[in-house]
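The following blocks contain the structures, represented as structure tokens.
Both complexes shown next keep subunit A, but they swap its partner, so subunit B is in the first and subunit C is in the second.
Then we have the complex of A and B:
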């Protein structure tokens, strides 16, 4: 089983906890308690992988170690503790709050500055699309194109979701899992670890060890 | 949705009075800043009401009532023939009696407590009220009112909430002074609405919190509560006896004075302050009244300022905290009935309005802190037990005296307290320490493993002498979980009754109690933690024989397990006595010797260590320690004379740092090479050869 550390970042009340809750428990509460510090959750997803020859799908189980953080600005000083060694970051904004995209941008910037790991997967998520339905477009303050362009320019994965009705949530985590799995496969290939052979030996889930990325700022952790 | 709701104006009630609960007095603080006078009228009503209620012939009343309603309310309970609650918080419904104290109180008490001390309902109110009037000032009335809130407000509101199909009935039942009679002549009828309401009321505890959580089922709660409420009753009876010894009116729910501090009182507090006295007791032990007396106009003026700010067109940009507070209002105790918006209501609950005022007022009062997420829970819990103004002052005390620097903009106080906690874990829970910070000592593989993982945290990978303290500025990952314990003072971390017991001790004993409890929780979870560790090391060995390859995975699994246990274990700790009887009252548990002085010393030590090692970038410059002093200075006049031991310690510490700067530096550098040295007494030392040696060294140094 593959194990990845994923951290959620973003302005307060954009729906970070709700996204995790939808992903882990498939439920939604209109009012969730504000997250203090951070909450830890874990959840697995199964992805399909085709072997080297492109045939026969192989099931791979990916376990996410999820750190859901508090969104208020001042908690930023604690954030390095959370994204230290993270394999993926989910940067969330609220499509009905233009300001929250700005906060998301600054999170992306911070990750790029502080995390010295090219393989860190950053996924930009616009939440609360249920609030801006076709009948009620006024509520939307962030156009999908704007965020999408920004994401492309910065090499981020991107999609819009609704934690409330579940739209797009599973896909976000699945994409991250697939991307991380690809990265891992490539890394392991260069490390001369033949993942395919070990996978073929047992037909069960692939078992690979992860070498965790590091942060380049030695003082960043927990300061 | 959230936004819409939270943007409801500060204005008054627009709901036609339908849902207005009868005893909501203190919560109704409107714009007017004249807080005390405002309370007077309402609370007087309450006073009269509780007078009547306490005088009512409860037994007949209830024996009549209970059999019918009881089966619905607490189906598993065996109705006792006499339903009397000893000076119960002026309950105006049988529901409250059952909910607060359950129904087999009488028999329990008869067996546990001496009969003489048993209060009777007839003498209860007279004593109480005359006494109350003697010390009279408005505050006592407020408190009376507040106290009643616990059930008077609570229960009718519960019932009301759930029975809106019949508003008239509700109104007649709860219109002020009449409700007593209503209850006599109109016992809860066997109408469908009552079934619904009592059924739903069962879902909430005596403070209005939903009994069921993600970790505790309602059934588990009910089973536990059956025992715990009789425990509460026994304790309350003990308290009454104690109070009578000191000639303090124990039967008056508005009790404002408590016996002088003593070992006995400390024990009583640790065993739990009666719920209906809690707010007053916290206020008393934290010495809040002095703050209020010295600053009688502060809160009213802040309220005026809020009103003014609300008229400003650019208030959001000028006061960015307002927006952040708004976002959290409906995310504060969403499972508590007092904080919930009722579906048929257009206005927000009074509790939310109070919460907003307290938080906004605080953000204006202490601009260094402003608003920090987690304060919403602190203020929210205070508001369940104290009126707005007192809640405000208690929040001031919590953020300055008990949790210095924790809520400041840089949150450095959080890191310092986590560093202190880690020092304590290292000292008192070495087994767990090994687990949260795998060291070289355990196995060579492990430290290799740490390097392999490049986890960024390995206390032993450097050889310089500071490595001993590296965990103070590179906090171990477990602090990701434990940080919130301190920020919200365990609100939301532990089940509510446990949290309240901790708050009792926090205000009586000081902030070191938070560290004790934290160690206690870790100690209690030790079995689970270490089981996981062994389990992992045995089973998660390599599948393909390649140890190096699989070991790190094992460590990651360990880490996940650690986080999971540390996060979820406290949430399952339903019974406060688990932690109190198994940990806090056990003399042989060494960390019980931690006192406020030690924690203050620890805090200073960690502060200095962190200051030395962190690059002094601008935003990191201000440490919690300087913040402590800042708080002292800014509120010096308010706080310096509060006389509480914890605060004295801070003052002493401040004096020490100022006068003996040189000396303390010397001492510090001495301890630094040694690591922090805990005070140890022969009895307190957990004797093993390693510790013995260290003690000897430390003693040698001191001599």
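Then we have the complex of A and C:
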């Protein structure tokens, strides 16, 4: 199983946590793990490996370690630890608040400063589309095209969602999983490593686990 | 002190708890911690009123913040810096530059005499970047069996961190490094030890594991020095005594009292083999700075509010209002805990900082692999009293970290030296130790080159290095021309209220007892900006984390009234076959130790006995 760290960013009250909450609650799979008291949320996504040769598609399980800001973003007080080794970032804005996209842009900038990894996947998400239905278009303050253009210019994935009714949520995480899987596959092809034997890369010192990963992490030991 | 009826904890206040608590049949009440932001939207603005204000995100303050937040107190945790860690921070080279300037402008209380040399190879578009390095202001190692480690596990803060092992402890003697003889096997195979010495050493090692139960052996020596005790009672010889006292015990002088030294020697031995064949660990990417960040994040998850770049202007203990320099205000109903580094202008209550720690940090362009065990990237080197050219009275302790620690780039290493010696003598001792390290690493790394049988080698810059012919087995007199490239050299003096190799005196935290006229420090001073504030002690000279939890607990008890529920967090998972509720992490654990008498050679990663599996270590293979 492949494991990736995903961080959430965006202004307070744009619905970062609701998106994750919706994703975790709506997901059903046998790898569902306990989240209570966990340092971060863990959730798996199953994707199909699109084989270039048209061979039979294989199922791949991707596990996200989702780090919430825990409110530390409010006064720009996120610790370096938060960004470290992040593989993906979900940058959220609220389509009913024009300035929240501006804030999202500054978070993208912050990310690019803090995370050196060029392969970091950034997904820009416009939340709360349930508030701007056909009957109530006035509430929308950020046009989809504006955000989309910005995302394309900056190499970000983009979509609009509703954490409230679940619209588009699963797809966000699936896309991130697919993109990350793709990147990992290419890296491993370059380095000539089998994608499934990715437990310890490089020959550095071995990490010591302070607690046997009991219920939380039965897989990380010998995967 | 809080009201006698206990405040509901964060877990109890959650709706899911209420659902269960009505059901008396439900014995295994789910203690579900608050997942900040995941379940409930967080409050929008700074709280107007908090139970506790903590200033400074150093180690003790961060552990305290997390303990209080999980207990259910509302905590506002601020720091004047734009980074986490305060006196325990892990800094980049640029941050160090800035820090040195502030120290020399007297902007940071508790530090002075900062000196910095910086090579031109670090900087934008240079060979190394400032952020390639993570430099600890207060470097620490973590014993595998220690109170901080239990709390890291219990609080799950360890999940935010990555740890690596450190098994190599060198004792410097007679101009060379002796690797530590610390396992039974080492003792038996060591050709240099006489049979008698071996027997005496084994006798002592068996004794020290249970020394407290054998007062008849050590009581007569209770006020004597450990060296005298080892020489007289166990007939050990100087090299073994020095190893035991300075490398295993990490004591500071030959005069260390017997009980303290025995405690410290035992600490090493019981930590050995808890997670594998090594006694200590260190955290990757930075030591104390990372651990502080982890506890701050944990506190935030439990509901604490974080604000960097925030400096207290004053506190009025009568109205309980704390005012910050940016004009914001907060009412603090219980206590303000503050690191001296964060003190407001016009402070008059900072406790005496009688003790000095002199530190030196070098970034060196050498990987120093020669000092590390295989697959490790760290080592401790100890210079016992009298072992250096400077005739050092106190020990110089050195922590070496290589690139594997992710604190520095490939082919470089960080050397942390420290001593409790003061003034000019401290500088002389640190310089002498640095020189000894340089000579040693150049000698050891050069012997590799001569193995290639090439007389002339070309270095990276195209200069030929001429190797001298092997000088027999010993290279002691051989000092190659090659020298050690310093990328950075930093030295500074830090002051603390905690005595060397001891824990904080709880009386230090009595500043808020304003009616206590006995001690002038504690009195209400009309124009002081910090009446009623409790100051923390600053990190001590201790190289391990061992004093941190003690200090945090004393403060916790002062605020909550008792330390019974200090980190009493019970993350009951869906899977119920984990630790039974109430199982003590600190329970008696019979450990598998390399010094145990039985000839058990199997590598048992875990520890035996006890019904708790919380402590079982595991190595990722």
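The criterion applied here is as follows: the second predicted complex is superposed on the first by the 171 of 223 C-alpha atoms of A that agree within 3 Å, B and C clash if a C-alpha of one lies under 4 Å from a C-alpha of the other, contacts with A are read in each partner's own complex, and residues count from 1 in each chain.
Keep this in mind: a contact is a pair of C-beta atoms (placed from the backbone, for glycine too) under 8 Å apart; a residue touches a chain by one contact, two chains touch by 3 or more.
Only a predicted model underlies this, so the values are computations on that prediction, with no experimental measurement involved.
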Inset, instruction - Name the contact category of A:40: first (subunit B only), second (subunit C only), both, or neither. - result: both
Inset, instruction - In the overlay, answer first, second, both or neither for which of subunit B and subunit C A:3 touches. - result: first
Inset, instruction - Considering only the touch criterion stated at the top, classify A:16 as touching first (subunit B), second (subunit C), both, or neither. - result: second
Legend entry - Touched partner set for A:171, first subunit B, second subunit C, both or neither: neither
Inset, instruction - For A:75, select first, second, both or neither according to whether it touches subunit B, subunit C, the two together, or no partner. - result: both
Inset, instruction - Mind working out whether A:84 is in touch with subunit B, subunit C, both or neither, as first, second, both or neither? - result: both
Inset, instruction - Overlap the subunit B and subunit C contact sets on subunit A and report the shared residues. - result: 12-13, 34-40, 70-72, 74-75, 77, 81-82, 84, 207, 209-215, 221-222
Legend entry - Residues of subunit B that touch subunit A when the two form their complex: 1-3, 324, 327-328, 330-334, 372-374, 376-377, 409-412, 414-415, 452-457, 473-475, 477, 479-481, 483-484, 487-488, 492, 543-544, 549-550, 552-553, 556-557, 559-560, 563-564, 567, 614-615, 619-620
Inset, instruction - Enumerate the contact residues on subunit A facing subunit B in the complex. - result: 3, 12-13, 29-40, 42, 65, 67, 70-72, 74-75, 77-78, 81-82, 84-85, 96, 193, 198, 201-202, 207, 209-215, 218-219, 221-223
Legend entry - Contact footprint of subunit C on subunit A as seen in their complex: 12-13, 16-17, 20-21, 34-41, 68-72, 74-77, 79-82, 84, 199-200, 203-216, 220-222
Inset, instruction - Note which residues of subunit C are touching subunit A in the complex, please. - result: 30, 32-33, 35-39, 41-42, 44, 83-84, 149, 152-153, 156-160, 162-165, 275-276, 281, 284-285, 290, 293-294, 296-298, 300-301, 305-310, 375-377, 403-405, 569, 571-575, 578, 606, 613-621
